[in-house]
Amino acid sequence: MKEYKPKIVCFLCKWCTSAGADLAGTSRLKYPASILPIRVMCSSRIDPMFVVKAFLNGADGVFIGGCHPGDCHYHEGNYHTRRRFAMLTKVFDTLGLDSKRLKLSWISASEGTKFAKVSNEYTEKIKSYGENPSKWNVFL
Amino acid sequence: MKRIGVFICHCGINIKGTIDVEKLTEELAEYPGVAYIENYIFMCSEPGQKLIRDTIVEHKLDGVVVAACSPTLHETTFQDALDEMNINRHQLEIANIREQCSWVHDDIEEATRKANLIIKTAVEKLKLNESLIPISAPLTKRVLIIGGGIAGIQAALDIADGGYEVILVEKEPSIGGHMIQLSETFPTLDCSQCIMTPKMVAVNKHKNIKLFANSEVESIEGFVGNFKVNIKRKPQYVDPDKCTICDDCTPVCPVVVPSEYDEGMSWRKAIYIPFPQSIPATFTIDTENCLGFNPIACTKCSDACEPDAIDYDKKPEYFEEEIGAVIVATGFDLYPVENMAEYGYGKYPDVLDGLQFERILSATGPTGGEMHRPSDGKVPKEIVFIQCSGSRDPERHLPYCSRICCMYTIKHAKLYKHKVHDGQPYIFYIDIRSGGKRYEEFVQQAVSEDGIVYFRGKVARIYKEADKMIVHGIDTLTSKKIEIKADMVVLAMGIKPNNSAEKVISNLKLNTDENGFLIEAHPKLRPVESLQSGFYLAGTAQGPKDIPDTVSQASAAAAKVLALLSNDEISHSPIVAIVNEELCSGCGICVSTCPYGARELDEIKKIATVNDVLCEGCGACISVCPSSAAQQKNLTDEQILNMVKIYSYL
Amino acid sequence: MNLPYYPGCTLKANAENFEDSAIKVMEILGYQLNEMKDWVCCGTVFSMTTDDLMLQLASIRNLLRAEEQNLNELVVLCSMCYNTLQRAKKFITEDEEHLNKVNDLMYKENILYEGTVDIVHLLTVLKDRITFDKIKEKVKKPLSSLKIGGYYGCLLVRPKEFAIDDFEDPSIIEDLFSSLGAESIAFPYRLECCGAYQTITKKDVTIKRTYEIINSARRAGCEALVTSCPLCAFNLDQRQKETAEEFIEFETMPVFYFTELMSVALGGGWDKSWSKMHYVDPRPILKEKRLI
Amino acid sequence: MSYEISRNIVRNELVGKIEELSGQNVFDCYQCGTCSAGCPVVEYMDIMPNQVMRLAQFGATEDLINSKTIWICSACLQCSTRCPKGIEVAKVMEALRSINLRKRVGTLDPNKIETEDLKDLPPIALVGAFRKLTG
């Protein structure tokens, strides 16, 4: 049987997590190719709709990475993200989507190791859940 | 539809090693919108860029995707290439297939598949990119420098000499930093104060430098070229204009506290001047210790002050200054001896740290430059220096090499020997790092001429017995366990970022590494810039370094600032928020979300607006907009959703 | 109040004075040391190889017995038992695989080992639960002018995760004896190894250790040492005989279990039978200070 | 005579065994010497604790297995607590002892304990010595 390879859409803020992912690369750390990056200026740019769409389109997991609380390049963007994420998990449950498949993590520009670690662990977790069942179910 | 050219870089084998670029080229050739696709060994090379320029003409391209390294490295390189061909620089997208793909995956098939998707997202984004021109903003030609040590002083003088105004903020009552505490400096043994004080005086006299001593930066707002800084000047309680520095006040002051300048080895009064050459040359009252602030007031100094310069009711003053750029030079502190369990937790008076020993060596120090130990004033005849105290110890202390300790220790040993001819210095070391210009010669000469004995190994323990410090060490070269009954021990403590700078650095949102040092924009190629534009780094705030390196870095930061200020205006990224007036209901959520005050309500049209110059382009206001009226230029909802689709379909 | 208590072999063989005095002292302080049932030897030394589960069984069996008896902690007097039990417990419980394997090895036991029993050294009980202030109040015969060096050895402070106090600069014994009215002296060699079981194969090593440790204490002004380890006590006390033979200028120094002197200070007195369990006669110094 | 080195020697099987049994990476050591400087019985050792780490780094396992050092070490853990790299040197010593003991090579012959001593020795000394020194 072919190994199940999940698709994980990752929204990475430019200043911290994307730079941290770059550092993971420069340090030649390894993580699965299931991690698919989209760079945004700030995690607060991420509209919950992007996440819902990703799931309905077939993504198996969505990862949001931002600066550590208090370290946001734009002062307070990640606080918006934190609240929005809390709300999003509720909405997910209400919609019948699986909020366990969402992940928010604070990874700074110097935490390449953390990026690789989170990527590995999160991919393993998503693998254990199997394919996203809500794929193609509804179109919003 | 746009005619997009895709250029895939091999980056030697960095990309090609794990990504099958030929297969990728083949697969993407048919992708909608891709008018031309090519792969090449080094896209960033001149031939690589020429390939792009030529292809733009030949294939009439109006957009380019370069699949290569992280955009932080070569985005501008390729944007400039587009500029040359009169194509708007925002018609370029970088697909990061190196740092976030080829370098982190091993499986060629999977990495190639992922690279394919990454490039497709870049193509999708580019399809909807608008051509934008930079927003120009005014440039305030003044510079803020935080920290008045040698780094801040050097940068201030360089910029001021270049003809621009400098605001120098120092938290202590005098500038000078740690360098003014040093006795003599390696490898030339010139007196630190002799080379430092002329620079301090120059700062004080320079017409372009405005000095705020005893002051702190409270906040900085704005963006490169247009910052506003709030400075708090703590009251000194002594009016510098009235004070004649007659020193009638200190003899009458009844409060005695350990002197910071002498690292606690001498005493000062609660009203004091930090050291004779202080700049600004004014007395200061230390409120924590002065009795004049307690309910039962003591007014002895005020009574003694003939010019009536003392005012206990003085309040902090606040200043707002406009500036265009900031240099952060907040310096270092020694790693505390109190953390060194096996060396007595700082309990033994004759176990000193490096700065305390500098004071003992210094002619202006507590012993007037004569070699006496703190406990009983005896001249130490057996003296042990221990390198790597607190450094290179990831398990319990600082993981890194503090870089300066090897050199300051050999200097200490040499200066000691000059003062105590019949004394014997011993140095415990793990490695001797003497990589600077004339450093190795200095070490070798000191060892040969002054008979300094190096032991290769670390000291496991120090304890006190009678009036001796018993040092248990090792010489790993001879496998001999060494025991020395020393009169004095000097710990070459490592250095860490300045304790009190932590607050200001976190207020400024500057990135620091795991040890608290400021992170430079690029470790090799942009060593004095911060990733935050408009912020520059100098001195030990960025990492351990000695005086020559600090001064070089300070001058480099000054050069970077001068280059910035030589522009007439500053260009601001056009990736800002935009409002669709037809959809906006004027609810104002965006206004409350924006951290920069860039969003305002237009009272007449009843809609929200964007002030382009103030907008930093974070996008927070866009995702809160309930009617999707707000969008981010070149990163619209539609663009992001198209990228999401590429990743999630299949 | 009752405290479940694990004695270990040596307290029943060569260090009865340690056990007797501890029980007496705790009674004075209002605690009953209740010896747990069915205990066996702890194994005395912790085996440090990663694959060695068999050698942990002795320790783990004791902890399993305690679980069977529904005890949630064990108070330990002997430093070696304290250290070995602590480390064995950690080694087995921190790794689920180890825990399962050990339970497999002990298949004849009635219950599975879970790791619920805490191991506490008596000194910690004195410091944290009874407190030195309370002990000070109960002092009947202050150890005034007695200059005491607290000898910790290795096992009370290393590995650092099981140190009963700061691992480089502890003060728990010094604080205890200050509260008993003695003059506590933190002498330099108080954390240095006594040579431990090398006393059997390399007597010369232990003799030299004893010589250095006792001399370090003497130079610092100590008149007597206190310890909580019967092996340290053996090496530092009994081996003074050979030490004196080896080094002619060597002067002996009495070595006590800390509980013996506590008993004297708290009014429990000095039991005559304890004297013969010391090589260096402790009575002269006690008489000199008018403590017996 | 020179000591000939090759990659097979540097990473020989026994080094792997030492690392496995001790749970330590011998390459973590940068030879600061703290372990030896603090060792209370180093004067009786033929190779110093830091040299144990050094020899393990280039695979001189013969020297380690046959050293007196490993039998002198009584696991007081001073080296382990002070190592700046967090290497538990005492565990490396234990691994080396174990490799010997598992081949029934030990240094304590119970029949040779002085009878005079036997009556006084506390059980912890005997059991400890048997467990650490007898194969």
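Order of writing sets the labels: A, B, C and D. Residues in every chain begin at 1.
Basically, contacts are C-beta pairs under 8 Å (C-beta built on N, C-alpha and C of every residue); 3 or more make two chains touch, one makes a residue touch a chain.
On a predicted model such as this, the values are computed, not experimentally measured, just so you know.
The chain pair B-C and the chain pair C-D differ in C-beta contact count, and the higher one is C-D. If each chain is reduced to the centroid of its CA atoms, subunit B and subunit C end up 52 Å from each other.
Centre-to-centre, using mean CA coordinates, subunit C is 26 Å away from subunit D.
Put simply, the C-alpha centre of subunit A and that of subunit C have 54 angstrom between them. Once the centre of each chain is set as its mean CA position, subunit A and subunit D turn out to be 48 Å apart. Contacts with at least two other chains are made by residues 78 of subunit D.
Residue positions of subunit C touching 2 or more other chains, listed in rising order: 167-168.
Across the assembly, chains come into contact as A-B, B-C, B-D, C-D.
Residues of subunit D touching subunit C in their complex: 20-23, 40-41, 44, 71-72, 74-78, 80-81, 88, 90-91, 94-95, 98, 107-108, 113, 117, 120-129, 131-133.
Residues 341-342, 345, 463-466, 470 of subunit B touch subunit C in their complex. Residues 5, 7, 9, 15-16, 18-19, 21-26, 28-33, 36-42, 44-50, 53-55, 57-59, 70-77, 80, 84, 108-110, 116 of subunit A touch subunit B in their complex. The touching residues of subunit C, counted against subunit D in their complex, run 8-10, 13-15, 41, 43-52, 55, 78, 80, 154, 158-160, 167-168, 191-193, 195-202, 205, 209, 230-231, 234, 238. Residues 342, 388, 392-397, 430, 456-461, 472-476, 479, 481-482 of subunit B are the ones touching subunit D in the complex.
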